[in-house]
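Report on one structure; see the data block that follows.
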Amino acid sequence: MPTTIVTGKNRAVTDVTLDDTNKLIIEHLQRDGRMSYATLAKTIGLSEAAVRQRVQRLLDNGLMQIVAVTDPLTLGFARQAMVGLRVNGDLRAIADKIAEIPEVDYVVICAGRYDLLVELVCTDDEHLLDILNEKLRAIHGVSETDTFMYLRLAKQTYAWGTR
Amino acid sequence: MPTTIVTGKNRAVTDVTLDDTNKLIIEHLQRDGRMSYATLAKTIGLSEAAVRQRVQRLLDNGLMQIVAVTDPLTLGFARQAMVGLRVNGDLRAIADKIAEIPEVDYVVICAGRYDLLVELVCTDDEHLLDILNEKLRAIHGVSETDTFMYLRLAKQTYAWGTR
Amino acid sequence: MPTTIVTGKNRAVTDVTLDDTNKLIIEHLQRDGRMSYATLAKTIGLSEAAVRQRVQRLLDNGLMQIVAVTDPLTLGFARQAMVGLRVNGDLRAIADKIAEIPEVDYVVICAGRYDLLVELVCTDDEHLLDILNEKLRAIHGVSETDTFMYLRLAKQTYAWGTR
Amino acid sequence: MPTTIVTGKNRAVTDVTLDDTNKLIIEHLQRDGRMSYATLAKTIGLSEAAVRQRVQRLLDNGLMQIVAVTDPLTLGFARQAMVGLRVNGDLRAIADKIAEIPEVDYVVICAGRYDLLVELVCTDDEHLLDILNEKLRAIHGVSETDTFMYLRLAKQTYAWGTR
Amino acid sequence: MPTTIVTGKNRAVTDVTLDDTNKLIIEHLQRDGRMSYATLAKTIGLSEAAVRQRVQRLLDNGLMQIVAVTDPLTLGFARQAMVGLRVNGDLRAIADKIAEIPEVDYVVICAGRYDLLVELVCTDDEHLLDILNEKLRAIHGVSETDTFMYLRLAKQTYAWGTR
Amino acid sequence: MPTTIVTGKNRAVTDVTLDDTNKLIIEHLQRDGRMSYATLAKTIGLSEAAVRQRVQRLLDNGLMQIVAVTDPLTLGFARQAMVGLRVNGDLRAIADKIAEIPEVDYVVICAGRYDLLVELVCTDDEHLLDILNEKLRAIHGVSETDTFMYLRLAKQTYAWGTR
Amino acid sequence: MPTTIVTGKNRAVTDVTLDDTNKLIIEHLQRDGRMSYATLAKTIGLSEAAVRQRVQRLLDNGLMQIVAVTDPLTLGFARQAMVGLRVNGDLRAIADKIAEIPEVDYVVICAGRYDLLVELVCTDDEHLLDILNEKLRAIHGVSETDTFMYLRLAKQTYAWGTR
Amino acid sequence: MPTTIVTGKNRAVTDVTLDDTNKLIIEHLQRDGRMSYATLAKTIGLSEAAVRQRVQRLLDNGLMQIVAVTDPLTLGFARQAMVGLRVNGDLRAIADKIAEIPEVDYVVICAGRYDLLVELVCTDDEHLLDILNEKLRAIHGVSETDTFMYLRLAKQTYAWGTR
């Protein structure tokens, strides 16, 4: 299963200017990712070709990805959890190693009680235990894991707008 | 800023069958949310009209949303953080209250050291402090907050497939 | 659902002597609770009537209960958890209050980081959240809950013998 | 001292259907494990032979065990404790290793602050210290133990019914 | 049971000079509290009357107490524990309140994770639970207690000499 | 500096009966360790020779020690601290190793967040740091130390009576 | 004792341009705060009057303060400590309240296990206890304090240069 | 970037008497480090030469340093953090090793949950992560880091006077 990884390293490597028009395009697509170029063009006041080109460049430069976001539960993933990790060794290298696990959909290096926060999407308890035990904890340098099982998702949005 | 809230409550209220064809459609759109109906139809082996209808029903029933996902940093949100909360009182009611804060893009009720995990997307430290202090901690029942500032995002994917 | 509560208070209120014969009877029944009185009598070297009377007195005095013990999972209880609690107020009164919740099968007052340990047997995540939220945390004096979700039961035995 | 170990692995390996009649039988035996086949048969409305056969199959398949459950204290075990463990290495292998200690009557792999929860039944403090020091902590991979001494058992039941 | 309380407040209120001779006397009595005045006098090189007067003044001024120190266990106190407390309110007032509990033989205000450390000497678990529950935790301002049950005393000395 | 170590191991090795008379003697000496044999004899109603013999046997068997107890502060020890330790390895062996440090006046193996509690009596901060750094933490198996500096001693008594 | 408070609020209120010359001046004064205007002028290549004016404006705008920094210990402040605080209520208001305590020389609102970090400079243990007990913990909203006593200062510098 | 390190070791190595006049001089310079010798002389009632000599000796002996103290933020250091460390090994040696990192402006050995407190001054998140990951955590013996990101500095003063 190929995954689209957005890493901090790649953030700066882009030549697209985030002008007000691009921000406006992003805000519309944050709410409806399949809005047609025609509708976008009319709303923004540009030609359809110009809008299409802008969207394509935003995608090509990794500033934006347009994806289907689903509730894991309805797709057969009954067990989700956040794992707080204490690690010994190179934080970036360990984070990248963890990112290779397909059941991991989220890895962040953070400040505080944990060195890393990792989200897991699994089918059931045995699957979760497999991932924790044979994949996550088996990575060299992982010394402590605190697992927060999800009981209920109350909000998940991607429409945070632009500044 | 309007937000698209997916709550646990709404999960079961749907009449769409998640058959293998729907799962296949979802998997393609998880990787490219703007894939044309024509391409989808050809890949899956259905008519374009049938594919279009299926996609529409998946969206209408809230089983899937297609959205632009961006790196908050490039859009001017320099401060992201996960907050672990201890609360007193009704977990669901407090979670729903927190979900109303626009800067909160993620709320989950969980088991473990924290009762809730909440993600914040802010422009800078003062903004983050404002949200923590005047919004999150001001909600009745929130008794402890542990803030994990993000130093580097190493992976974020939505392509977890289907089971 | 009626429950059989063994409390510390009642421990001393008994007039049965735990002599070596009674201990031997208990050790056999710890391994096979339905062993017939005939077999028990032969093994121990007493008359069947004497054995039957001893067993009955052990049961009547609450020194022993003979019960079917099952794996909750196979009976439709997919979510089990231990909850560590910090409480304010009378430990015994709060423990007794918690013991009234049917989904609670185990309550112990302990020394250490938690004041009480409580085991829950639930059907699914929403059920577990209901018990936590509307029953356990709603009891006056409960100030903090740490929930340990069970991923896999590795041992459960009642045959600890006698001393 | 032989012990009856119920492991997660064996849970699925059974060919008994848990129909409503079996559930009814279990619920009766959860309250009185020595209820006679005659009484069971009359209550449920089956022949005594049919009931006997069903009970036997439930026992043979490990779906149910009928055992004498006693208060450890009255049998000379004055020290009981729950131990929360942090471990390094294979959770399942370490859990199985711990399950071999006779004084351990309960081992569960869990999510949260601890990796494992282990219950100990001992005769006195020196015995408890021996088990902790020479057996539990001596197992390779056990890195931290938090011991919760029991002060008072407030509830212990096995009659959680069926779903 | 009367108790001899040594408080920090009283420390400075004394007119005895702790000269080298007094220090020498203390060091001898730290090892043998019943050493006769004759022996003390000979060892130190003073008259018996002078030694007797010095000892008396050290006792009268509370700089030294000579007491029988016993192992609580051999005197029927089978349960000893240190309790770490978090409190709200005046540390000194709460410490003094706790010091009034006869089963408390030691109270110290400290810096770190706990505000106070309190040692308890009890006869058994129920006694310990009574003290914790009805006395210690019932004091206004005590918000959290962490109880460390003693498993084995490895060293206890009062012969720390002088400087 | 010689130290009087009372270890758990030696507790049982005694042939003195702790009858009511002995308990009465101890209670008197807990309050005044230098009470004369004449006064003791009169109060208890025995001959002076009998009392002297009993006291001597209590001392010889290590059931009681009579010592000068002083406030460390007035003797030039300005820094006292309790240290909570996490250790890897044999608890008893490590406790005995720590007991050899002269500045340590108290070592107990306990249950809870710490494996050992150790009290230090030092002259100043640099001395305390020396003991922590070069002695306590240098012992093989000591993995974590939490130091609780004493701010004020509110109670210290040895008169816990007998049961 | 008057104190010079630098608050985050005032940071932005300035009209001084931090050009390279100003940065150079600051870097010199970070190492020697009493460097004469003549020496500064020669090193930087400006007139003495221009340098004097620039220094004055940096001071007037609060971008820089030139102060005597001393080791508290040599001035009679034998007890220094960092205090981590958990608070309920408005973080900024509580921080400002704490900042009014003369013995507090440092207050920062932070993310993580503590809401605030506060440094205290005191003369001795009783003074420290007074400040903790009667001033810091007496402020409404302060719910938990963790005190880290300083054992040894290993580095303190203000010469962090400019960027 | 040269740094001025004040270590505990050097504290005692001085021959300057801290008489009342020297204390008065220090108190004035704590408030205005560039106060002219003329003004100082007039205020204190000494000759300008005497004041100049005294100031010079205070500086030469390291009892006082006069430096420009700035808000790191205005000089381009947008990320400040306190790091609490758990370490294995010689506390003084590790503290000295950490003190060599230029971005570290503060290192203290302390008692409590952490062994060391270290303050970092960085330009941005990536810089902070670099220091944490490649410098601080790479030092042999550093086993755990808890990072407290600064959200807002509420007080920073050096005018603590003298005693």
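Should a chain be cited, it is by its letter among A, B, C, D, E, F, G and H, assigned in written order, with residues numbered from 1 in that chain.
Everything below uses one rule, namely that contacts are C-beta pairs under 8 Å (C-beta built on N, C-alpha and C of every residue); 3 or more make two chains touch, one makes a residue touch a chain.
In this text, all values refer to a predicted model and were calculated from it rather than measured experimentally.
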- Query: Turning chain A onto chain H with a C-alpha fit: angle in degrees, nearest 5?
  - Reply: 90
- Item | Inter-centroid spacing, chain G versus chain B (mean Cα positions, whole Å) | 42
- Note on the structure: Distance between the CA centroids of chain B and chain H (whole Å) is 45
- Message: Centroid from C-alpha atoms only, then distance chain A to chain E, rounded to Å. What do you get?
- Response: 59
- Out of chain C, which residues touch more than one other chain, so two or more? 8, 81, 92, 109, 111-113, 126, 128-129, 132, 146-152
- Which chains touch, pair by pair? A-B, A-C, A-D, A-G, A-H, B-C, B-D, B-G, B-H, C-D, C-E, C-F, D-E, D-F, E-F, E-G, E-H, F-G, F-H, G-H
- Message: For a test of understanding, state which residues of chain C touch chain A in their complex under the given definition.
- Response: 125-126, 128-129, 132, 147, 149-152
- Note on the structure: So, in the complex, the side of chain E touching chain C is made of residues 81, 126, 128-129, 132-134, 137, 143-149
- Note on the structure: chain F residues touching chain E in their complex are 1-8, 11, 14, 18, 23, 26, 29-34, 62-77, 81-82, 92, 95-96, 98-99, 102-114, 117, 121, 123, 146-163
- Listed in rising order, chain G residues that touch chain A in their complex are 111-113
- Note on the structure: Counting only contacts in the complex, chain B reaches chain C at residues 8, 86, 88-92, 109, 111-113, 115
